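Before I ask anything, here is the structure I am working with.
Which chain is which? They are A, B and C, in the order written, and residues in each are numbered from 1.
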């Protein structure tokens, strides 16, 4: 909330280095370092195991470019879908404060379920809904001749299913933190609800939306279980990076390490650049 | 869909199989080690840890029941997963007594690493069948239908054993299949048949039998050209070499063969 | 009821709390609603703005019905044509000052270029042209207040609502901003309702004061009436102020200091808090003339009463020259050992140019 006179003061980082130093008790350093090590060391082990001497040769395999392109494209599409539908859902959740508490909590629980559901089960659920014999899928097939499983669209759907909750929860948090009185102020200036949403609410929660989109994209990029179950696995159509890494592990571990490395590097690059650009765009 | 019954600890199964104890005792008498046979009560020296290919889930589960019935108090710990994944775990030092692989290649990896105690023994074989949803709505009749692009077809990915077998069968028949998905394991392929999401899939005959009424199997000529061999071995440095040997002998014995044959395996 | 301005009579129920209020503000009129926190001031303002629906009653503006509980009529805030300046100004933090002012024009469909030109004209008029491209975070409190005022007035509303317009400011800027606000409200032709917990703001800015207590009107009237004859102890304590009319005896004294309200015909009215009145038995050596060129004025007064007020002493005074009644509140240490006897004569010195 840059420069907001009414925003929570807690959102502002302390300006002076002294204040920042005294803000971290020594007792937190040890667990913090351990946590970081726990998160980073497995990746270090992976990087160490990569057959660096054969790297160029293994990287040149056309499957890598194909599945990387598919992964980036489908994760981007899943993020776009999540933004399109997830922001309105987050808005409804954030504005449900006056609802019946049971209804409100149920709604939130339902949104959170894909986070805790094993992705493979999520994939089966998607098949049961959208498969050609599925609850809805049978009509898609009978009326429109649309069969979703084993298509790139199915990859995007599976990724959206598991990744959208991250965006919804992040955006909902941002909405709750935003000063609603600014919307009142906009209303008294004659703005319609839609105008207010676009020109006031959305810009105010932009940092939250950006953070949610980043999480969502990252989750979509790493998606495996729901994709393999709902979309299947076929090079160039549904075989994303994680699928190709998993399969390579069965027959050619070196190739699997290289694929994992590429996935790792791409994820880090995307996350770092996206975050910096978006956040700096808001705080500058 | 790896390891549907991962690391299942099978204690207390003895009571369920009590009726078959007498028969078993007779059947195993010649091969079981003396201490296991004479033990009463809890006897951890007969405990055995078995890593086995996922397609052996039903059969080895049943054989483990019999082992436990024959060795009261003993526990069989079973870990089912894809053979390659299991081989990697064994090479990473997992504490395993017996390894049963669905692929000779995978077994060779373990042997080459010097982790097999004695020569692996082929104890069963599996052939492929075409699995179709009940009623065979797409009218699939043989291997040539797998080349029909109008049908939705699932094959196993060539990286996994059932995919390798599928490739051999199709190559031998001179058919270029038109799969819509290359599944990471045979169970995943079968699930898609059960849900009716694919018109046909090439899977193991044992999986078709295990699925019961949920799928129909279509045999085809040439299936015998690509038999998948299942090999079993004791693992080097097993905690219980005697128990491991007893378990392997049980699998290779008449009783084990009968269980495997009932599940649709050919005898190795 | 004044058909041309604001005519409101409504109740709002919030749990056990009930606000019951009637207001009639003509175009050009300024009504101040004063009262402590929780008296219902903000609810009153939000109801008129359309952000809260009244439980019963009506609100109409310039002959147009905005709320009529009986017929379930309720115009949303966006359709009311009411300008609101909120307590913390609520400027949009992601927009520049000019974009803030242009916001309402754009929302109502004015082309972007026209809206921005109009916005800049208003900022010029408010002395803010140098800050047109600043974000609210870079503005001082007083500047932010003027931007908020420009944002509301650029739409030329028939009614302007001000919620604690000076509460967010520190004491130093408050004085200037208050004086500036007096000017702006004088230029504004519509009706104004302002809410404040500070009676001084009300007295300086408004021509009618409505004192709200527990959701009910405790007293209403012109500032002089309310301050001179509080209807009850509550109002007296709340208001606690004096309005003094000073006759112009010296040329050039007509221009009052900040916070003073210019009266008609050269006479001027000065607002003084009783705590600002100094009392002495002897005529002070620096006693100034009543015209207050030195910033203070001294009267000879008779003591008409003495009251103890929890740690302070209130002395009721009457000017010997013109019978004007007011009071002084002194800390106990400022009261001589034998106190001030009722009927005795003292000298009272009042600041008339500089205010708190």
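Keep in mind that, in the parts below, contacts are C-beta pairs under 8 Å (C-beta built on N, C-alpha and C of every residue); 3 or more make two chains touch, one makes a residue touch a chain.
Here the structure is a predicted model, which is why all the values come from computation and not from measurement.
Q: Line, ring, star, complete or other: which one describes how these chains touch?
A: line
Q: Where centres are the averaged C-alpha coordinates, which chain has the largest centre distance to chain B?
A: Centre of mass proxy via C-alpha means gives C as farthest from chain B.
Q: From the C-alpha centre of chain A to that of chain B, how far is it in Å?
A: That gives a centre separation of 38 Å.
Q: Using mean C-alpha positions as chain centres, tell me how far chain B is from chain C in Å, no decimals.
A: 87
Q: For chain A versus chain C, what separation do you get between their C-alpha means, in angstrom?
A: Taking the mean C-alpha position of each chain, the two centres sit 52 Å apart.
Q: For the complex, give me every residue of chain A touching chain C.
A: 1-7, 179, 181-182, 184-192, 195, 199-200, 203-204, 206, 282
Q: Okay, in this complex, where on chain C does chain A touch?
A: Per the touch definition, chain C meets chain A at residues 49-51, 76-84, 86, 88-94, 103-104, 106-108, 135-138, 144, 151-152, 155.
Q: Once bound in the complex, which stretches of chain A touch chain B?
A: 120, 124, 127-128, 131-133, 147, 149-150, 228-229, 231-235, 238-239, 243, 246-253
Q: Can you tell me which positions in chain B touch chain A when the two form their complex?
A: Listed in rising order, the residues of chain B that touch chain A are 1, 82, 84-85, 88, 152, 154, 157-160, 179-184, 188, 191-192, 195-197.
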